[in-house]
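Below are two complexes that have chain A in common, paired first with chain B and then with chain C.
Let's look at the complex of A and B:
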């Protein structure tokens, strides 16, 4: 069934984009750091998973459980060690945006260089649950369904964390009004580090999930970071629902174009969509105009 | 580099200092132009071409991004278009016409893209320009594979290394002269205001979009020309070579290291970085990316205002101590 095919592929791809973009929107919307090395964290997690699965005989789901806290820790450290000096220097003013872009650019090259040195430029993959499952007359690999399920679970978990817990409320307060949050006793820098860390956990989990169903290479982080940025900006910075909608839009647009037009034009479609949204709604689909 | 104000000249009364500076610039330029006759070997010319190429690119980049503070990563989009244009029409048209076509296409693309995107600000613009380079790359790739069915082109034109060197030198003089002229025009003043505060600029009646658009197109034109001039050097061109994103990043690093707000700032950054990369990529080809990243981070953390800002602060401090 063609329709089911497209729906499944679109949801898996779009769900992945949405998940990855949610982490970035936390880092950018709350911690105010435009992290361009984000995609490298994703790819590093994918390679880590590959190593654990093929060399240490771990189950990919076990790796997923390990990669979430590891990603949190690594990103928390990056914020504390590398980003804090910039935050202090700029007083979290407009200079922080450019400074963080440039610093994370450096980090991007550094990490990508290390990955290239360690793994070279080839594509890597491993086989996990690749037997086909029949859904409404459409064949789909079981691993894609597993990935889709975990992506949905992680996304839902994040949503509940942000809306139902004390920590989540504080994080949202920092996102909305960073200057007034201290007035109600919120330690903005501590919360920023935590939000940056949670973003890192999401992207590390995303990398593990990605490695379950797609081949990956050391240089593909940049493309994923760019797509995540496009999703974040399209959805409205700091908005989880926006991430979900924009991520699915992108996933479906890519699936449709790759299926019916030409796989070589997916990036062009992404961009056309991005530009269209920005021209019609400069603050994103769900963003407020004056932020 | 010859154009740098020496400390002695800066200390003099303005008139005499400026005259000495101009004499120094002309002399340095003559020396650079005469280099091929002074027994410079092929290697030296090749290094010179490399430095001049980045000199043109970084200065042209800073022409737009310096005053407006819009960090553009589209450098390689225009550079690649220039190079690709030269590869496509290089053997059928006379060389000046090739350059004119490359210039025209770059400027038109910059105008179209600028109209749509210069309303974006900050991060949006950075991401968009970064994506633009990839987009142009993919589109050219797609067009070559599906329509012309020739991925990769050979370009055989009768242009020597020394001629490339001279063309780049002329281009550098052109960029610097343009930058100098803009700084003294109403447009330059308008851009300074935009860079300081875009809302204020709009309120005092500056047509900010028009000013940004104009400068973006001028900057893109020079970058496209540089691409066309460099094309014969490669002989073989495919989209991956012409649209290599590392070029955008290198240009950004160099301009920031020197200081993007000064006319000669980017040049000051080009020399050390170009020489460093020349040496490093020879001896550590596999570690190039890592080194690029480290240089990038070192600049952001330790030299945020660029070398020019560093020099100026030092001179400022020295001046204060002298007056005590």
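Let's look at the complex of A and C:
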């Protein structure tokens, strides 16, 4: 059935976008680092997964369980070692945004260079649960269902962490009012490192999930970082619900256009949607202009 | 209990706070009076680590030196600050603001008790636990700010003009709550423009002028001092109260 096809494809793609954007919004909205190398981390994780699956015979789901904490650790380290000097120097001022863009731009080329050196410019993929499953008369590759399920589970886990735990509430407090956070004993730098790390866990998990159903190459990180940024801004910086809605919007727009119009137009539709949202709501779907 | 000495704050060339010394004991309300720009907010911010202190300051709480600690460690050591403008998390709910009040370890042990206590102190908050603080009235937000500070089980509570912008009724409610907080054994350092009401509930007071402490005494003595009455209570010299 066509409608089931479109729904499943839209939710899988949109869910992936939402998940990746949530990580970026944590890094930008809480840690206040505009991480341009975000997409490269995604691709690194995809290649890491490919290596573990094809060379070490790991199950992709096991790789997912490893890539989440690894992504956290690596990003936490990047914040503590590479970003901390910039954070200190900026004194929480606006200089951090520019500095972090420059620094992560450098990191982008470094990571991409390493990937190109190791894997070249070709597309890679591996086969995982690619046999079709029948859902209400539609044939869907089983791996997409696995991806959709894990994306939903990780998104839900993040939501619960941020809204139900004290640590998560503290992370949101830093997002909305970093100046006041020390009043309740929150160490803003420590929490920023944690938020940056959680963002890294999400994008690493996203890379592993991506590799389960899409081919990937060393240079495609930029496109994903751009899409994630579009989703973050569309949804309203720092807003998880905004990420979810905007991510799904983007996923469905792409699916519909690719299916019924022309696959070559997806990017154009992305940006048309982006512009439309910004024209109607300049601070994003769920953002407030000033707080 | 809280002993401050040699506390100075400089904004560029301007010395906003000059070698201030003061004490706040357990279970007493100490009122800090001063005109606009006297340095009252700078004093509290300096104690709370929110502005840079000049070297040589000593801030001792129950004998422990706090002057070297960063802002986020001060509240954990027992000094909770409610700053000018309240500093609440407007996007979060009342419940979340109060839960964050217990973020420092010292607030964890008796968190449930303190949560109950804050709601008894400010019954209005009980009905509004899931409201976003930004949507509350100024007085209600002030209650959230004081409640949040109490959630860390502070030894000393530092309040910067909590009555600012409150209706007389709200103001009275708040001052009654402060008296109860004091009676529970917490020390309160209260910066106020509202000299009449604060001296009425206060135990002792200091006068701050141009960044210096220029006078101190019991609340009763300050309230009776003609110079204080002229400057802060709007009573002309020689006029009967």
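We take it that the second predicted complex is superposed on the first by the 290 of 291 C-alpha atoms of A that agree within 3 Å, B and C clash if a C-alpha of one lies under 4 Å from a C-alpha of the other, contacts with A are read in each partner's own complex, and residues count from 1 in each chain.
The rule we apply is simple: a residue touches a chain if its C-beta (ideal position, glycine included) is under 8 Å from a C-beta of that chain, and two chains touch if they have at least 3 such contacts.
Note that the structure is a prediction, hence the values are computed from the model and not measured.
For the composite obtained by superposing both complexes on chain A, the positions of chain B and chain C are free of clash and fit together. Legend: residue contacts after superposition of the two complexes on their common chain; A:173 is shown touching chain C, with no touch to chain B. In the superposed model, A:96 lies in contact with neither chain B nor chain C.
With both complexes superposed, B is the one of chain B and chain C in contact with more chain A residues. Look at A:182: by the touch rule set out above, it reaches chain C but stays clear of chain B.
Of the two partner chains placed by superposition, A:234 touches none, neither chain B nor chain C. Residue contacts after overlaying the shared chain place A:146 against neither chain B nor chain C.
After superposing both complexes on chain A, the closest C-alpha pair between chain B and chain C lies 21 Å apart.
Only residues 28, 34, 85-86, 89, 94, 97-99, 101-103, 105-114, 116-117, 222-223, 226, 229-230, 233, 262, 264-265, 267-268, 270-271, 274-275, 278-279, 282 of chain A touch chain B when the two sit together in their complex. Per the touch definition, chain A reaches chain C in the complex via residues 166, 169-170, 172-173, 176-177, 179-188, 291. Residue ranges of chain C in contact with chain A, taken from their complex: 48-50, 70-76, 80-81, 83, 87-92, 96, 99-104, 134, 148-149, 152.
Residue ranges of chain B in contact with chain A, taken from their complex: 69, 71, 116-117, 119-120, 122-124, 126-128, 130-132, 134-135, 138-139, 141-142, 145-146, 245, 249, 252, 256, 286-301, 304.
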